[in-house]
Structures are given as C-alpha cells and as structure tokens.
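Quick heads-up: structures coming right below.
After this come two complexes, each holding chain A, first together with chain B and then together with chain C.
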Partner chain A sequence: MRFNRRSLLRGLSQGCAVSVALPFLDCFLDGNGTALAATAERIPTRFGTYFWGCGLTKELYLPKAVGQGYEMTPQLKSLSAYQKKINLISGLRAFADDNPNIQHWTGVAAISTGMAPSKDREFETQTIDQTIAGAIGHGTRFKSLAVACSGNKNESYSSLGGPNTNPPDVSPVGLYTRLFGPGFQDPSKGDWKPDPKVLLEQSALSVVDEDRKSLMQNVGAGDKARLEQYFTSVRELEQTMAAELQRPDIVAQVSIPSAPGEMPVNKSVPTLRKVVPVMAKLVALGLATDQTRVVNVALAEPASTIFMPGDSKPFHQATHEEPIDPALGYQPVTSQFSTYSMEMFAELVKALDDIKEGDGTLLDHSLILAYTDTGFAKLHTLEAIPMLLAGSASGRVKTGFHIAGEGGPVTRVGLTVQQAMGLAVESWGKASMETKKPITEILA
Partner chain B sequence: MTKAARTLALASVIAVAATPALAAPWVRGFIVDQYEPAFYYGAKAGTMEAGTDCPKGTTPDNDYNALLKTKWRSDAEIAKVLKPATLEVDGTFNSGREFLLSAALRYRGFRRDIDTWVNPFAAPDPGMQEVTGKIAEGFDLDNNPRTGFISPTGRKGVDNNLYRVMGCGMAYRGKPFSSYLGTRANDKMLEGLFGIVIRVSGTKDPMNDDNAVVEVGYTPERIIKDPAGKVVPDYSYRIAKAAQYTKLNARIKNGVVKMEGGADIRMPVFSWFENNRGEITFHKARLELSLNPDTSLTGLVGGYIDWRQYYGRDTFDTSSSAGTRETYYHENQLAKYYALKRNADGLPDPKTGQNMGISAAFRLTGVRAYVRDSSQAVTINEPLSSNAAPTYRALFRKASMTAVIIPDPPRRQGEDDEIPAPKDKEQQTVRNEEGKSTNGRSSDP
Partner chain C sequence: MSRKCAASCLLVLSGIGGLLFSAPAWAAKVPEPIVSFRLLTESEYRHSIADIFGPQILVQGRFEPGRRMGGLLAASSNVLSVTPAGFEGYAKTAGSIADQVTSPEKRAQFIKCTPKAASAPDDACAGQFIGRYGRLLFRRPLSSDELKSRVGLAAKIATSSKDFYTGLRYALAVTLLAAPEFLFQNERAVPAGKDLTLDAYSRASRLSYLMWNTTPDEELLHAAASGELASDAGVAKQVDRLMASPRLETGMRAFFADMLQLDTFDNTVKDTLIYQKYNAQFGPSATEETLRTAIDLTLKSNGDVRDLMTTRKTTINRTLAAIYNVPFDFDGEWMPYEFSKESGRSGILTQVSMLSMFSHPGRSSPTKRGVALMDIFLCEPTPLPPANVDFSIVNNTNGPLKTVRERLLAHATTPACASCHTHSDPIGLSLEHFDSIGSERLTENGAPIDVSGKLNKKSFDGAQGLGQVLHDDPKFTACFARKLYSYGVGANSEDVDAASFKAAYKTFTDKGYRLRDLLKAIASSPEFFKVSAPEPAEKMAMER
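Coming up: the complex of A and B.
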C-alpha cells in the first residue's frame, strides 16, 4: 500500500470508526528534502481585510496620476516601500438605494457584502471574507480570524449575516493564545502528532451525525433553518478537527515566537503604534503556519475614536467639529488621524511581506482588502470611498496601480477580489451596486 | 421688381421683424440642488474667521465647567461629571463621555430636578453670541425700511432675526452653501433625504409676466446625479400635490419672480437625518426667484417662522438634538431659547401680544428639470421620529407659553434614541407609479 502525507490509518475505537493521520515522514519529501514529493501542493493563497474608520483626506491621498507609477502622496507615504505590491482604488461609491444612509455603516456594508444595510450594525448577508473563507478556509484550524486592534470586542466586520458577527481577538496575548496556545502543535517540529482529544471529539461528532439527520427530517421549516445554521457550524468544526489531525504544510520560513507580554490595548495612537505591529506579526504567523487562510483586522470602529493623548477630541469628533482650513483646503487634525490609519495598515503589509515564502513572500501569496466607511467623514458621504488591495494573490492580481473608479459602485472591488481568489462569480452586489465589471486592469 | 415695390417689401419685412412674439403659455421647472438658511458671512474666507457679521469669529467650544455651574451643583459634582467625560480614562477612550455630558447638561436650572431643555426659563440667560453686522439676506417683512438689516444689494429693512440669533454658530457659518451643516444637509438632500421641485408657469413671457404661477412641492423621485455628484439637468420629477404643496401667484419682471400677498409657504426644514426632517411654514411669506440666463434658478424664500417650533426641533429631535448641539456644534440651548424669544419679531399672539414668530429666510438654487404632474396620487412619507421627541416638544411649548415648570415625565433610559420601526416598511416609502419605492432615508448615527 502506498502512503502519502494525506493517508489515514483507519480502524475501530470503542465500536466507532476512527481515522488517524500519519506524522510527517521523510519519505514524503523529494530528494532535496524540501518540496513535497508527488503530492506537492501549491502555496495557498490567503485573504484578509483591514478596516479603518472615517476615510482619508482627498487632498492628501489621491494621486493625480492613474495607472502604474503614480506619485506617492503624503497620506500614503508609509506604504511607499510597498507601492509596487499594492493597488489603490479611488472614486468608487456606495449606493443606499431604498435603504437609509446609515451613517458610518452603509459604506462598510456596501463594500463588504455588496448590499446596502437596512439596520445599523448588521449586515444583510455574510461578509466577503466569509464568502471567501467558505471556499478556501476549510482544511485549516480556523476558518477565519478576526482581530480588533483597539481592544473592543464589538469591533469586528466579519459576519455570517444579521447579528452573527465573528467575535474578534482583542489583545496580542489573546491572539497568540488562540493561534499558538493549547491545541497548537508546531508543524515544523519532529514530534508532531494528532491530538488524541481531537480524535475522540471527532469520533463523537460522527455518532451525532445520524441523530442529526433524523432530527432534520422531523422539524418544521423555521427550526430546520436554525438547525442548518447550527449544523453548518458543526460541519465547520468537523472540518477544523480534520485539519487538526493533519500536519499543516508550511513553506514559509517562520518560527513560532514566545508569547508576547501583557500590554495595554486601547485607542490611544501611541498604544496602537505598539499593539498593531505585534498583532500584525501574529496575524502573519497565523497565515504562514496555515492556522487560517482568512483574517480580518479592524483598527477601530467606523466612527473611529482613536485619539492622541492630550487632544480634546478623538478622530470622529474632529471630523465634524474641525473646520476646513481655508488655506490648506482640508482639516489638518482630522487628516492626521487618517494618516495614522494608513501607517497602521503599513504595519500589516510589512508583517506579511517580511515572511519569505517559496520564491516570494507571504504578501505575494495574499490579497488584503483595506477599506473604510466613507469618502468624506465630515459629511458622511458615500462617494469616492478609497480602498487598497495589498498583495498579488499568488500572481492573480497585478499590482502597483492607481485605479480611478469614476463613480462606479464599490462592489467592483469585491467582485475583483473574489475572482482573484478563484471564486466562480460573474456578478456581485445588489440593486444599484450589482456589477459584472471587475477591475480587469489588475486581474492577471 | 420696381423700386417702389422693393421699398414696400423691405418695409414689410422690417415691420414683421419689429412685431413682438405673440404671448403663449410657458413653463419652467427646477429641481432644487442646494437649500439652506440664508446666513450672510462677513469674513473673507473659511468658516471661523472674524468678520463684519461676527467680530469675534465663530462660536468657540463650550466651557462645560461654566455651563454646568449652578447653585445646587458643587464643584465636586461638576468634576465628577467632567472627569469621566474626559477624552480618556486610564488610557482608554471614554466612549460614554458624550452621554454623560448630555445627561448633566440637561439639568442647569435653579433646582436639580428641572429639565432645563424643557424649561429653559428656569435658568438665567447665559448670553448668546449674536450677529452684530448690518448686512443680511431676506425680505422686508414688516414693510419698514427703517428696521432690520441691509441686503448685500443695498435693499433696506431686511428682516432676518433667525440669522441674528444663529448666524455666528459653528455649524452654520460660512459662505453660501459651504457651512458645515449646509454642506452636510445638501449632501443628504441629494442623496435622497428629500427632493424639492419648483415649477414656474405663465401665459406671456418667462422674463416678464404679470400672471405667473409658482408651485413648490416635494418630489418622490430620487435626484439624479452624475459621477462627480452634480445634479444632472433635464430629468423628470413628479410634483407631489400633498399637504406640503404650495401654489402661489407671482409677477415676473426681467426674469425675477416675486410672489406677493403674504400667503404661507410650506418648505422642508434644513435637515440631514431622516429623523430631523420635517416642514417649516413661512408665515406672511415672500418668495423671490431668478430665472437665470444659464437656465438655472437662484432664490430666497422667507417669512416668519414659529420660534418655539424651531427651538423644539433643535432640542428634541433624536439626531443632532440638544446633546449633540451642546457638544459637537458648540451651541447653548438655553442661550438659544432666550435669544429666539428676545429677537422674535412677528406673529403677535392676539391675547398676550407676545411675538410667536421670528423673521427668517432660506436661500436655494435649482437645476433645470421637467416637473410633471402625476396621474396617480403621490404621498410623501412622514419623517421617522422617536416616541420622545414630539412629547418633549409639546412639553416645552406648554412650559414656555405659561412659564410654569413642567416636571420630567417618566423616561426610560435611551428613550430619546428610540425610533419606532415602521409598522410596514412599504408604508414608509414613497412609491412611484409602478409601485416601486423610490425614496431614500437616513437614520441617526
């Protein structure tokens, strides 16, 4: 019998069928002891989102040039080192259609679901990261992860729809524990083996499966819908467990660090400057070690209240109270907060690009959608909402472009992202935001 | 042709050419693309600078220490309110500070249990930074050129005391259509909060017509914009002949339409949320519209507005109500009450002689459009409102008319923020003839 790294030993345990994954054996390597022989798999493409609130300053971020080689503007300066690996998309708009423009929310939902929301802080359907996770997230320990850099457990924009938001990790220690705490085995270590507890849990679930089928046949439509959602989670758990029984393939050159120490986590910009790099590095490690392939990072809430100690107003309040400087043509204090938001995004981009993976970096094998809620926070506008895409999705996305959206719907980005991630989707969005036009300039 | 015949022919041509065109019915339609209170800005640039209107510049941030000082509130109590109302507590952003502040600002009277937003007369007048300039836009509503402001074009006797009260406010100050709330409200109007159409018609000549008719009303249609956000001309909009519709006789001279006669005109309030939307009635109204050579419209509408209604909307609407105004917008509701009352200059109550109205003017611009009647009845959805807002507005009105303090009604936490869900979402939207909803709505932040 030929074995490969996916082979399972099968048998019976206390009357139940049990399958056990094999540990990583040298015979699975090619002659050089590096690439996986015979069943070599490609490096997975990862997806992520980075959300920041209250937009950017048009006068400070929008380049005059379109296409490649655009000038790097003051508000994007922190991303200069990565200009060739990111795309900037400007000028796209969200439509509320028959729904209200829910201030600091309609833009969020439009970009992440393609639909204008009807309720504040709820999505009409699952967010784009979950759609993509549904396609690529199985087979990893976590279908997706959410991270709230400011420490607020309500700040997650990853959702299954309605009030079903995926709760975020809110501290570096918490994120580290989730990724590399109990239940994690370093796949690069020689002593990796399937966790017996998981084996037992998995076998218990398979028994439940028969009862589940019987139950579904005997309940009404409403209960069936509820059970479907519940058992979808169970199925995902099963898949997670199956993944945990198999040693992840790690191509990235990483080693698991020791746990970070406790650190304050709040919305003070100096604090964020310390926390975000740590969170970004952990997120990158989580992707690199295939704990997950989908991550969502939220800097703060849509009506962002990041603040500078000593100032009298946080970001959001400044957007409304600070007048437009007649000489500058923009709000100087407000624009500074937008610049900080881009600096934090640059930390995430850096963390991904710092990890060598195959013939490139983790960033090269990822696609990160950075988005916000409004084009001009002072007025809560839905026009000209800026977005960025970092990474080339393993070569499926061309990078280094400034794309001028010219008033088209924001859903063009979501459609482009899904196609780049390999989803068979030809159109996306609803009503005025339904589009069949991906941004072909950046699709390889 | 003989010379005589040629001369006769030439004279005939000249005679025909000199004959004026025969009078014929005409119509001009417009969709309003900008609308705001007509507050004259007396500085050169920006929105904050000192100017002839406000020599001290725009109203600064409130001093909450001063605002909260009362005979019964000790310094320690004020500190207890303000400390947790600081930006951060122990390094963490204090997200509850606005609510803490608002809850305390509500009580500034001579006794701690008096809601001074309902009973503002229970606290002394803190003083209002009023406009002290001499120039204002508006109309001579009392036909007295010796009182009031002078218009930017030199017309005397302009009555616009709402401007006198509110014109130095941070939210309202700026050149036309560039104040903070001006830009915000117009953005929301164009986004679908509401639409106003104006149709001017006559039987002679749009430049000069003694028998013109002006119609002003809502449209259920969403305003059409180009990708740059500008309203696109020549689209078709229905005019809703609902309760908000006004039809007036007017005269046109050299392209300037003037309505006379002092009828009431009902216009939308200046709003930027669904639940601060509504109507304002200009009593003894005046209207002046310019039909511009480039086919656009500019205009002023003015009259006396109910100052208590104005205060009530500013104070008790759910979004951008007193709490927001006294924090974000640097306003002082108590000062506003006294200033509105002091500057009320029209609509005297026949019993008390008290002026119930304050002179006001709004400016607008319009883009050429086809304004058409609908073959079916069109209704405009009523604004969403919280349960509490109408209640408190009524309480304030009663209190201020009688000067009798009205105690707090029982209030559940967060009641002011409640917006009742529409019983039937379909009922809350305006429908077009095909039965499809067309109107956008906004909600509180």
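Coming up: the complex of A and C.
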C-alpha cells in the first residue's frame, strides 16, 4: 500500500498527526520495529559528474598502453588506489560544426548535452545529469544536487536547458544544512516519523499549480516556456516532498556527522584542498542516505582561475602564458594545476569508496563522469578531451580500462553512461556528434 | 483602472465571507495579456519583504543567481525562470518568512482580525489577511478566484491542523510568497492607440523597482487603483514623489551596483602572499566606497554624472586607507577624503573596486580592465578572442618582455588579436600605475611603467588622462542613459533601440548631465511603459 498526499491529508483532518503516522510507519518496519534487512536489490545506482576546467597535460596523463593494466601516469597518480574502479577515456573529440568554437564552453556543452552550443555559457538543452535524474531521481528528497567547490553561485554545469542552471551549493555548511538540516530525519533513528508539515506544504503547493491555467492563457510563447519551467519546479517539489513522507531505505553504513564550521571558500589551491574533501564527504553522504541519486560537483569554472598563492598566474592564465618547456615538452606550471584537479577528483572517488554499502562500496553502486572543456587549453582544442568514469554502476560497467577514443565524438561517453544507468537510448548527440556507438568494451 | 481589481479591493475591504466568493460576472473576463515576467532579483526580493512585513522579518535562503547580459544583471530577470533547486530555495525562504509572520509573538502585528476560534477556520478573517498581503505581494489586488482558492486552502489546513494560524501560514508561504505572481513581476498590457502600454499596476511596479528597488508602496497602489497612473500627469506626479524621497538612494545604489558590476566581488579573491593588505573586509569596503561616491556625487550633490570619471573626492574606511596608503585620521567609520592631483587618481576608474575586480588574484590585467571599462562605460562589449592563438610569447613574464605593455603590444603582430586588443588594451594600460588591489606602483619588474593610452584616436596619459577623455566622450553619457533605461525596463542594453531613450538623453545633456534629470525623463516618458505584444501576436489580437 502506498500513501499519497490526499489520503494522508484526509487522515490528518480526522485525527491528530501522530495517530496517522503510526500505521504509515508499519509499511516500512518489520514486526520488531527495525528496518528491513539489507538486500542488494534495494541499493540504487547513482550518477554523478565532476567538472574541472582547462584539461590535463597529454605528456603527463596519457598512458601508452590501452585496455586493462595500463601504467598509472604522473597526472593520474592520485587515482592509483582506484585504478581498478575507474575507466580512462582518451582521444575523443567535440565538434563545433556550424557554430564557433566558443572557448572553454563548446567542449563542456558538447560532453554534457551532445550538442555544440550556439551561445556562450548557455546550454541548448538539458544536461546529461538531468536526463538521468529524470529517469532515476524521483522518489528522493532532491532530484539532483549541484556543488561549486570554489564558492561561485553561478558555477553549475547542470541545467534543464536555456539561461538557467541549477543553482549549486557553494559552501560545506550550506550543503550540510541542505542535506541534514531542517526537513531531514536520520532514518537510522528509531523515532523516525513522517513530518505532518510536509503534507500541509504539498497541499498548499497544489493551489499554486491551480493558478497555472489562468496565467498560461495570457502569456506569449517565450514567457510560456519560462512559466512552464516554474510549474515543473513546483511539481518537482511536490514529488520530492512525497519522498520525505517515506523513511529512506538505507543500506550504506553511515552515521550523520555534526555540521562543519564556516570555512573560507575560494579558488586558491590550498583552500580547495581543505574544502573539496569536506564537500566530497557530504556529497557521498547525501547519496548514501538516498536523499539524492544524482550529483554534480564542479571544481571551478571552465577557464579555471584556481591559483597557487605566491604565483601571479592562475590556471587559465598559465595555460596561455606559459611557454612549453623545450626540455620537458610541456608547460610545467600549467601541468601542476591539472594534477591538482585530478587530486581533487581522487578526493571525491575516495569519499564514495570509503562508504561501505551492501557487499561493496558506494562507489561500486555509482557512476561518476569526470570531464573537462578542452584537450589542450593553450589552444582551446576540442580534440582529445580526457574523460574518466569512476565506479561500476552496480556492475553494469566494467572498470580498469584505458580506452583510446581515436577521434570519435565525445558523445560516445554520454551514450555509454545513459545505457549503463538503464536508460533506453540507442543514439545520442546532434550533427557530427550523433552516435550509436557506446563504448562496448566497458558495458557489462 | 482595471475593473477586476476594483472588485477585489471592495471584496477584501468588506471581509465578509458570504460576499467574498460571489464575484460579479464581469470579474471572470479574460485579463490583460502578460507581456513580461521579470524574476525579482535578490535585492528586490529583500527590499520588498522588508517593506511589506518590516525589517525585523529575517530573509534567509538562496536565490536563483542572475546572469549579466548587455552589462546588466537586470536584463536576465526577463529571461530566467525558476529551476527545481531554485524553487526549493524560494519555498524554504517563504516558509521561514511565514513562520515568523504568523508566530504567536508577532502575529498581532500582521493579523488585524481575531478568528472566531483559534482552532478552527474563519474565512472572513483569513480573507482579510490574505487579501491584504496578497495585494501587497502580488502588487495588485487578488482576483476573486485567487482569493477564494487561498482562503479555501487556509480553511482546509486550519481544519486538519486544528489551528487557524497554521492555515494562514501555509496560505501565505506557499500560495503568496512562493507564487509566480510574487516571484515574477507580471507586466500586463493595455492598448494605447496602435501600441500597447503597461497597465496601471504594472506601471506602479516598474516605477517602484527602478526608483526604490522595492515593491510599490500604498500610495503607488492607490494611484494604480484610481487610474491616476494611466495618465501622463498621474505618472509625472508619482515620479516627482518617488524622486523626492530619500529612498531614491536605495534605488540608485541598486542601479549603480548592477551597472558597475560590483557583484564581481562575490568571486574576487586576492593572493595574500603577494598582497598582505588583502582581507575579508576588502570587497565590502571597496563596494561601499564606490557606491558612496556615486550616490554622493549624482544624488546628494546633484553633480554632473561625467565627473564620476574625474572626481578625486571619495569616502574611505580604515581598510581602504591602508590600500590607498593614506593616513586614516577620523572618528567615524567612513572618512571623507580628497586625493591630491599628484596621486594620479581619477574618479571611480581608480577606486579599489574597479582596479581589483578586473585583475587577476596576483597581478593587474590591462586586458580585463580595458574590456570591463569599454563594456561598462562605453557600451562596447569586446568579442571573444579567437580560439586557437598561442599567447605564450605575449605573456611570459620570465622572458625578455618586462612589462605588461611590452607583452601586450606583441599582440599587434597577430592581426586576429590586434583588432580587439588595440580597442581595449590602451585603456587598461593607462591604469597600470595601480596594482591588482588598487595600490599605486610606478615600476613593474624593475622597469618604469609607461601609462600612455589611446581611445578612439585620442591620446592621453595615465588614469587622469583616461578619466578626462571618458568624461568628454558623448559615448559615455549615451551609454549611461542606455544602461539606466535598460535597467528600468529589464532589457538587454545591446538590443535597446536608441529612440527609446532619445528624448530623455536630450534632457540629460541639455541640463548638464544630472542623474535626477535623466531618471525623471526616462520614468515619465511613454517609451518607459511601451511594450510589444507577446508572441504569438495574432492569437492575442483575436482574443482581444
């Protein structure tokens, strides 16, 4: 039996809130009042993205060998412990087709939407995390989450399309409060009960939804789309509130930590080294407690301005200003920033793998797409953009491979990811990036 | 005046349950088309709540972030919508506001009637509260249907929770504060000859958010209800009243903050190993200095807007005094200060804000400064650079080219770069006597800095030279007028037809470039309220 807002509200109007809460709980507890035993079938598969700007250094990251057992290169060193749980995909490219190569943007949009963008810093259509969230994100408190590690509230690469992006959480304490602040009840505690306020809120939201018709008949086409998005957001809140009425079914072994304190959040690398691990742990906890199944973590913007104190050149400046060292064959300072960006990714991978869940870890039940905007930031190339996939999506992805993309479209990864997440998609991408070829080597 | 609105005013005032739900037949008529939805900015939202419920009501939450278009965040209010995560934020903020308003400690202040029983619905009392705050929040009276559904919800929730005030709490939070009619300014149009113009309530909102950065006050709403705002004379009267109020300062601070892109500080950080004087007070102090300068000069002294480029008068606090390297000898927090001619300073161009926002964390950037100044003051955005250019010779600070100037001039060897860099760099280079946090420095890597510059074939020297050239350039004043008009109507300044503010601009120039003259001319012009029919136009015409 499932409860919905209307049946519960009827219950509420006939008695006090607590008395209706009791039979409700019976659905989820066995006779002894403890949570049902964990079974692997109940563990959801999660999806995430990790975005970093300005790419990697080919000379330092690209392994010579392909397939399994490839050598871990200097720039991937931080991921060594997880080599068997990740895939590295090199050599795929984005195509701008008739659109210009919008610096530090065409690559981002191509990978996340399958389309070359026509406008700077605007997605033409929804990003892949939202497509996946549409399929797997319902029934959780948050359909998806976005996190901007460097504190910029405009830095989100998750969007339903158009000028809006999903606003990110920009500080550890903000993210903590959203996940574990008001509205959250620890499902491992015995006294969990649905909050009657949720029912009232849902019931009130339906009144807002009723205004929809009268507003819609009076607006022009452009505003209609914006208003539709507003009402979609209203309905999504109604749905996520429905999730708050059900005790989350958690298999992962986690306990809820106390709130992190206020800490500085900015683009300096030492600050990021403190902030990213905290953000990563919170993201992992959000997934583990099944409050969301889709997360987006951005290290910094595509033209990344992360910087090392004492050096006047931030990452993006360094990519353009630093000459290629003739002896080394690459830009030494620039490459350091790429290495830092991988170290921060390793923090996220670690946070997921540290959480035991069922007979594996949270990472095993996740698929995280790590991507960047360019293959060679100095020249804004769209060729050979490095991508990584961490986690095996509950066994649907084989891991430990280095796949050489050989000039194929970046959308092959997007297609692979969607299929691994269980979406019935046969082809993905537009124009030169339309593909029907997932990376079959890693699909289980 | 809209008849629909008169009806609901009457209904609300009557506050009688029986009357409440029996709207006359004509109230159901199709209302005027909505020609634009403008998402309230965070500061508009905050000011509106403070005016409606009082400053003691805390607004805590997050907002859909704006996007700068055509130099203004205000323009994005007309293209942004509300995302699921954004709505979650608005709903939480709304809930927190409603909790405070209906709390046992505060409710007497807001709920002027007493319910028959605190544990049961009371439609008359609920209708009074919802009607009153609905009108303030929606910036127009609620229609009878709108009121009916909200009172019905309050009753339903009062019944189920056995608490009248819980009913009001949800009606307020969800159906008013989180409703699109509050979160967006809904601008409705009525015919004006062959054209469309905003209806009286939409006019009230547009005037109020432009001039005071907040929701229309009681008098503006009255002027809308009485039809006064539908006439030019009525608009002029209200504009004069709004202009005369000290709240004009709030409105113009919001405009200057947007136009001068002061929100850039949200994401500005300096390298503290290089700049030890940088601390957490830096951004807020620099923002405040620039806003004080702008308001003091243009409003309080009714000065010439062009002097923003040249004035050496400012107001600084202790943090800024350290960066400017001047003694802070003052009892209060903000000390009036005038830089000497020899300081090389020139208006807001050389304030810490402009110099530091458009620099890198560890060094200045003539390109960033040049691009920003061209965009902000001359309405000339710089196109994106070509994608596949190798910049390394240009920018290698360890190579033979010592100063930024030498390195930037090397761009001229690449024609694809030259077209833009010759456009913006000479402006930025003239500011090179000031480092990334705005302190003075006369050498770079041991070499003296040449601060000669060029703008539209006019050569000049240093920041003061640049300030004078901008001061004298009609493009600056035209850009200023364009930005103010675009800000007021929520349009992308690059798409605005110059004819829309031509008459206002003439008044501005004829009267000596006073902000008040420009603002008044814009706000009282028919162009300020003129709107185009929403797509699809044919369908609308048929309906009318």
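As a working rule, the second predicted complex is superposed on the first by the 380 of 444 C-alpha atoms of A that agree within 3 Å, B and C clash if a C-alpha of one lies under 4 Å from a C-alpha of the other, contacts with A are read in each partner's own complex, and residues count from 1 in each chain.
The rule is simple: contacts are C-beta pairs under 8 Å (C-beta built on N, C-alpha and C of every residue); 3 or more make two chains touch, one makes a residue touch a chain.
Predicted model, so just to flag it, every value in this text is computed and none were measured.
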| item | value |
| --- | --- |
| Touching partner for A:163 - first (chain B), second (chain C), both, neither | second |
| Partner chain in contact with A:379 - chain B first, chain C second, else both or neither | both |
| Which of chain B and chain C A:325 touches, first, second, both or neither | first |
| Partner chain in contact with A:120 - chain B first, chain C second, else both or neither | both |
| First, second, both or neither for A:266, with chain B first and chain C second | both |
| In the superposition, chain B vs chain C on chain A residues touched | C |
| Chain B versus chain C as contact partner of A:424, first or second or both or neither | neither |
| Which superposed partner A:311 touches (first chain B, second chain C, both, neither) | both |
| Chain A positions touched by chain B in one structure and by chain C in the second | 100-103, 120, 151, 266-268, 305, 307, 309, 311-314, 317, 320-321, 323-324, 378-381 |
| Residue ranges of chain B touching chain A (in the complex, touch as defined) | 45-49, 58, 61, 87-88, 91-93, 95, 170, 180, 183-184, 187-188, 191-192, 226-229, 273-274, 328, 330, 429, 437-445 |
| Residues of chain A defined as touching chain B within the complex | 91, 93, 96-104, 120, 150-151, 264, 266-268, 271, 303, 305-307, 309, 311-314, 317, 320-321, 323-326, 378-383, 406-408 |
| Chain A contact footprint on chain C (complex, rising order) | 30-37, 62-65, 67, 76, 79-89, 91, 95, 145-146, 149-150, 152-153, 156-157, 159-161, 166, 170-171, 173-175, 178-181, 183-184, 186, 188, 266-267, 269, 271-274, 360-363, 384-385, 387-397, 399, 533-536, 540 |
| Complex interface listing, chain A residues touching chain C | 9, 12-13, 17, 100-103, 120-121, 142-146, 151-154, 159-160, 162-167, 174, 196, 200-201, 203-205, 207-208, 210-211, 214-215, 217-223, 225-227, 229-234, 236-237, 240, 266-268, 305, 307, 309-314, 317, 320-324, 378-381 |
